[in-house]
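In the two assemblies presented below, subunit A is common to both, partnered first by subunit B and then by subunit C.
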Partner chain A sequence: MIGFIVKRFINYAILSAIATLSAYVLASLILNPAGRYLGRNPRPSDETINAILNGLGVNPNTPVVARLWTWLVNLVTHGSLGDTIHNTSVISEMAARAGTSLRLLILGTIIAAIFGVVLGVWGAVRQYKASDQVISYASFTILAMPSFVIGILLMIMATGLNNILGMQLISFTGEYTAGLDGGWWTLFLDRAAHLLLPTISLALMGAAGYSRYQRSAMLDVLSADYIRTARSKGRTRGSALVRHGVRVALIPMSTYFAYSFATVLAGAAVTELVFSWHGMGEMLVQAITESDINAFTGAILFNAILVLIAGTLSDVVYAALDPRVRV
Partner chain B sequence: MTNSAPSLDSASPRLRTRPRHGDTPSNTSEHLLEVRDLRVTFPQPGGAVTAVRGVNYHVDKGEFLGIVGESGSGKSVSSLAVMGLLPSSAQISGDILFEGRSLLGRSDRELSKLRGEGISIIFQDPLSALTPVYTIGTQIAEALQLHDRNLSKLAANARAVELLKVVGIPNPERRAQAFPHEFSGGMRQRAMIAIAIANNPRLIIADEPTTALDVTIQAQILEVLQKAKDLTGAAVVLITHDLGVVAGNADRIAVMYAGRIVETGTVDEVFHAPSMPYTIGLLRSMPNLATAGHTRLVPLEGRPPMLSNLAPGCPFAPRCPIAIDACRTTEPPLTPISGKPLNASACLRVDEIASGKLNRTGIYPVPEPVALEERAEIVPESVLGVEGLVRHFPLTKGSVFKHTIGTVRAVDGISFDIRSGQTLGLVGESGCGKSTTIMEILELAKPQSGQIMVNGRDVAAMSTKERRALRRDIQVVFQDPMASLDPRLPVQDIVAEPLTVHGVPARERLQKVRDVLDLVGLDPSMASRYPHEFSGGQRQRIGIARALVTDPKIVVLDEPVSALDVSIQAGVINLLEDLQEKLGLSYLFVAHDLAVVRQIADNVAVMYLGRIVESGPAEDIFNDPQHPYTRALLSAVPVPDPSVERTRRRIILEGDLPSPTEDITGCNFRTRCPLYQLMDAAAQEQCRTADPERRIVKGSSVACHHAEHIGLMS
Partner chain C sequence: MSMLEEMPIADTSAGEPATVTGRKPVSRFRLVVSRLRGTPRFWVGLVGLVAVILWAAFGLIPNAWNATDLDVYNMGSSPTGLHWFGTSDIGEDIYAQTIVGLRKSLVIGLLVGPLAAIIAGVVGAVAGYLGGWWDRIIIWFIDLLLVLPSLFLFILLSPIFKSLSWVALIFLLAGFGWMIMARVIRAQTMSLRDRDFIKAARFMGVDTWTIIRRHVLPNVSSLLIIDATLGVGGAILSETTLSFFGFGIQAPDVSLGTLLAAGQGAAATRPWLFIFPAAILVFTVLSASLVGDALRDAVDPTSGVNRD
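Moving on, here comes the complex of A and B:
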């Protein structure tokens, strides 16, 4: 079993490496880091621009393969991902931002998974009844909405709530209130208040997707013979569905979890921007707008590692849930 | 049947039950279970389907009731209604009394206290009836703890192990830790029985408990069921489509047709003096080990009615050869037969049948055999010869560096020979290599080892072109008539497809299709219809027509009737027999139903773990089997005759078919062989070390060292 997980992990690791290298090549071919300096007034001389670009290792005059090689050698020998356009190292930039993003992502994903499973099961058990219809239409609406719209709608609602209450109950700009003084508890509450809306925004999108999959997985299980067996032993319908049904219907969800994690990541990038969080998502978007090849590759590497962890985790969960795949 | 005031009917329109006061004398019942005028309707978009239309029966304490019926007769639905396990959309009326208390209209919570404790049920398919993610022990312990909150987990687990031991699971402590997928079908059904008897119920309902199992395993399970009944003193309701299964065990039986009970009585009454034409027809149409091979089967023409659109009158009237005009207007009630208090029949002409005025055997005309002038001339020559055929599958491990860790010996050196105009029956339990054998033959390629000769020519030496031409001569009919026909092609295209492959011109094709459809007893004008418009029996006829359209010499029949209802089987078997006579065909008939094989085969080969353990003329093998496996296999087949069943002794094989990956030294049957255990040490040594060669003993070719001592077994 452990051998199987290790093998899957190595597979994911190779895929992550390929994804990162392709991202580097793609970014090098498309982004034009020189453009940033050409528009300046006074325009720096070509020698200066070349020197800067060479220093960053992103000079378009050097062949892509040669640049990729240098980047790789630096990564392996110095553990460095290069410097950003702002002359900070990509690694330190990532270190500063990763915690912010992870807090949002982990909370958002867990809440999304729990709500998605509960709503999906509920919808399946009450198929075509009013509550199922409401859940279905609501999740379709959320799935159809771009993530920034959800973020802005949430902000409008929070502002309304704050106005009604006449106090700043929900804060939604940035990660924390700058310059706030107080003890550990005050700071914690402040961070939690800031975390609320972005987490809800992410969780809503995740839960909408999960609940659709969980609903169909549960519908397959509802008519299964073993549910009938459990009821014939003396379980009530509800208890049989929870103990025997949900447990089995969770198995395919662990696979979906790995695949959907990538979409949640993409959604998180936009959510961070909307709520002015300085996380990895913001770094990715900024890197593209500023034609920062090194920062872009760093952000992609971060995403790839997260997908790698999510994939391995889903394999472990699958094996934990389903005794039939344990070897 | 008393009828109390339907005062609550308007109050609860969904569940029109009799008022529920279990203490009023009009409603009490001295029976353990009494079902009164039960009706179950499923509302559907195209109109409601009434699956059960007024069923009355009762079961007394410790009694064994068999309910027999074909698929769609309402037998399972009525038992699920008793358990309260029907979908909530079902509309139920009538009354179900258990220990004098009405079960209808009770809440799920109330019923759940009774389920498993008072009434328990064993379902048909053991493969899907257990939750895949919990261990067997947990699932049994769960049943115990649900009804005894004070029982500790430890005590429940200990009791679960005990129960597994009772139902005959070897090594129960360890097996309780296993998951359902680690159990074979027979073992899962034993575990189901363990769950069912866990709380000492007063009534056990067994819904087709052996249908999905092999005949040797079926015998084991029926024995366990009987043991469970004796241990708990529970009454048993056994629901089945197989008359043979109930003949030996049941006290009384009820026969269901089109949602009603049409005949009920003691086993002897119903089997020996049936009084409803349907029962008579069902008994006569079943191939029976005792009579098969000598007489032609008597088919029950037509098909069961659609319950969504039932014509007035007796639902059996359209198939009944003695129906009179009155049968088509009024549906006869279940009326007791004079002089037999337990026997009742729903037929207008029951008095005539019971008194013998209408001769039971004369009701159904025996179909005429094929006339002599229509029979094909047969030159006796070998058309299909198989010599030392081997098919091993490597068992590999690892995805990057594949390496072989074992061999599945699916087919391990088998030889047989079929002569023109003859039928070879290939029998054995599932997993013995029957299907692999026919797939190897149909591939017409060089086998891993051994030789396949068609029409005296070795297929390995043929060119691609010759091989294609040869495919016209060897055709196949598959088991599942629904799955093997393309649902999107009209029947004429399905049947004509083999001709298209061989480049026959369109006009000729059409004519040929009409000819074969006529030959298999289908109206050629139906050729433009689609498969779903036909019944199961008709679809299998389409499958046979497709096989015959190329004028083959050999037809491979892979379980051709096992997916069909009992009353339909006989017609298809008769058709196959007639076609063989008319066209001079040779059949390779693969089946697990020994009675069907007895009916149709001239020669029989019995397979066990990829080997043929015994072969010879059907007559000899069925009357005097020389191999202990053949003997056990035959003794496991239930015979639909209660007096035969009661007197004969069953040889129950221990355990399951070993995995074909296992390396068993010497004789590969010795692990389950009942004869092996009777032999002395020297003889056992021979079984352990030497692989028995096939040799001729009393007319059949047997692979057993001690065939001469087979008499020890009886």
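Moving on, here comes the complex of A and C:
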């Protein structure tokens, strides 16, 4: 089992490394960091621009391979990801933003996975009953919405609710109320209130996708002979369904989780932007609009590491559920 | 809700191929069509999709305003008899704008879906048929694109595509929308490779490309048709997300995404600016995905993860 997981981990690690490096090369080829200085009035001299760009290690006159090598050497020797175009280090920028994104991602993914699995199993067990139909059509509708539409619809509803109640029950702009005074508990409640809508938005999308997948995996298992065997040897229906049904149906689900995680990341980035959170998603988009190669690579590295963790976790789950890989 | 009540009756009949009772063996195509006919989900989706396309084509005729007209006497008005979907703060007719935006989004979706399916078919068939290093390199490339969320790549590539026309966006979306399906096609091709008819063709000296074109692709065509249909909705979603953040369709052109971006700021106070285009968008994507889902069931009612 350890061998299996280590093998999969190495596979994911190589993929993540190649993804980050190719992101650096792509960004270097496409983005033009000099453009930011050329548009200024008065225009800085070419020497100044060159000096600035050389300092950041993003001068287009240096060959991409040479820049990539310097970047790699810096990463290995100093653990540094270079400086952003605003002359702050990418690492400190990421440290300030990562918590925000992780809070949303972890909560959203866990809620989505739990709800998705439960709803999927429920729909499969009660196939074609009214509840199954409602769940199916609801998830089809949610899957037909872009994530920003879900976010904004939630905001419209929250505004309506706040108006009806005549008080600010749900706040949804930003990550916390700026300049809020109070103890630790007040601040915690404030953050939790801000977290509510983005988490719901992300969890809805995830749960819709997972529940469709879990339902078909579960339907497959339900018609298998070993469920009948378990029933005929005297297990109760519930026990047969959970011990022999859900457990087996979760195996393809864990693979799907790993493959769909990149989609979740993109959805989380969009959600952050819609709710004006200053997270990694915003950093990534800003880096591109500001032609900031180092910050972009940092953001992609963050995503690649998350994909690496999610992929490894899903393989651990896979190995725990499926005894065949443990041999 | 009527469609919900219809479901159980029809779906049970869809499960068992009742048409096989005839004396002559039923062709696969006829079987698929008969299964589709018994699936209400297919009809709901198809009627919805046709309605949206017809509306996009002819919806502007009864309307008194064009998308570029400004009604300076009714700026920021709510939906009225004069402006069916209301107007924006500079007096643009939202109904007309929605139709123009829908046209663009539909064209993009209807072109990207099949285009991505063709790429998926060719790449998947080549990887599965040739095997060896070709296969390994292609699979690695696909996995790489699955690790890097394609939305981020779109945004990264947007500076190039912004300067080109919106047609370039079609190729960009198709260029990153084929990976998952290519893996499925590859797996199918690998099992086809060792079938007798392909072996026979190979031993007769038919060259690789002809075998792929004449024997492999027709045998995975049902998968490709499904993928093309499901891809339509996916492409529209990607396009609107990109345009919403200003990375897709650019200013003089209007798509549902740019329309939603314009309406976003006023979503809470003047919801008609946002709700109407959003509802049309969701309806379109939902119809396309219902058709695709019904197709998938009809082609392969017993397949594990695809079954519904």
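The definition used in the following text is that the second predicted complex is superposed on the first by the 319 of 327 C-alpha atoms of A that agree within 3 Å, B and C clash if a C-alpha of one lies under 4 Å from a C-alpha of the other, contacts with A are read in each partner's own complex, and residues count from 1 in each chain.
The rule is simple: a residue touches a chain if its C-beta (ideal position, glycine included) is under 8 Å from a C-beta of that chain, and two chains touch if they have at least 3 such contacts.
Predicted model only: the values in this text are computed from it and were never measured.
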item	value
Subunit B versus subunit C as contact partner of A:230, first or second or both or neither	first
Subunit B versus subunit C as contact partner of A:8, first or second or both or neither	neither
A:36 touches, of subunit B and subunit C: first, second, both or neither?	neither
Subunit A: partner with more touched residues, subunit B or subunit C	C
First (subunit B), second (subunit C), both or neither touched by A:143	second
Which of subunit B and subunit C A:284 touches, first, second, both or neither	second
Touched partner set for A:191, first subunit B, second subunit C, both or neither	neither
Touching partner for A:103 - first (subunit B), second (subunit C), both, neither	neither
First, second, both or neither for A:324, with subunit B first and subunit C second	first
Which of subunit B and subunit C A:23 touches, first, second, both or neither	second
Touching both subunit B and subunit C, residues of subunit A	none
Subunit B partner contacts - residues on subunit A that touch it in the complex	7, 224-226, 228-237, 244, 247-248, 251, 321-324
Residue ranges of subunit B touching subunit A (in the complex, touch as defined)	83, 85, 108-109, 112-117, 120-121, 123, 125, 128-134, 142-143, 146-147, 179, 181, 192, 195, 198-199, 399
Residues on subunit C engaged by subunit A in the complex (per definition of touch)	4, 7-8, 11-12, 140, 143-144, 146-153, 155-160, 180, 233, 237, 240-241, 244-245, 260, 264, 267-268, 271, 274-275, 278, 281-282, 285-286, 289-290, 293, 304-308
Complex interface listing, subunit A residues touching subunit C	15-16, 18-19, 22-23, 26-27, 30-32, 128-130, 133-134, 137, 140-141, 143-149, 152-153, 155-156, 159, 213, 215-217, 219-220, 252, 259, 262-263, 265-266, 269-270, 273, 284-285, 288, 296, 300, 303-304, 307
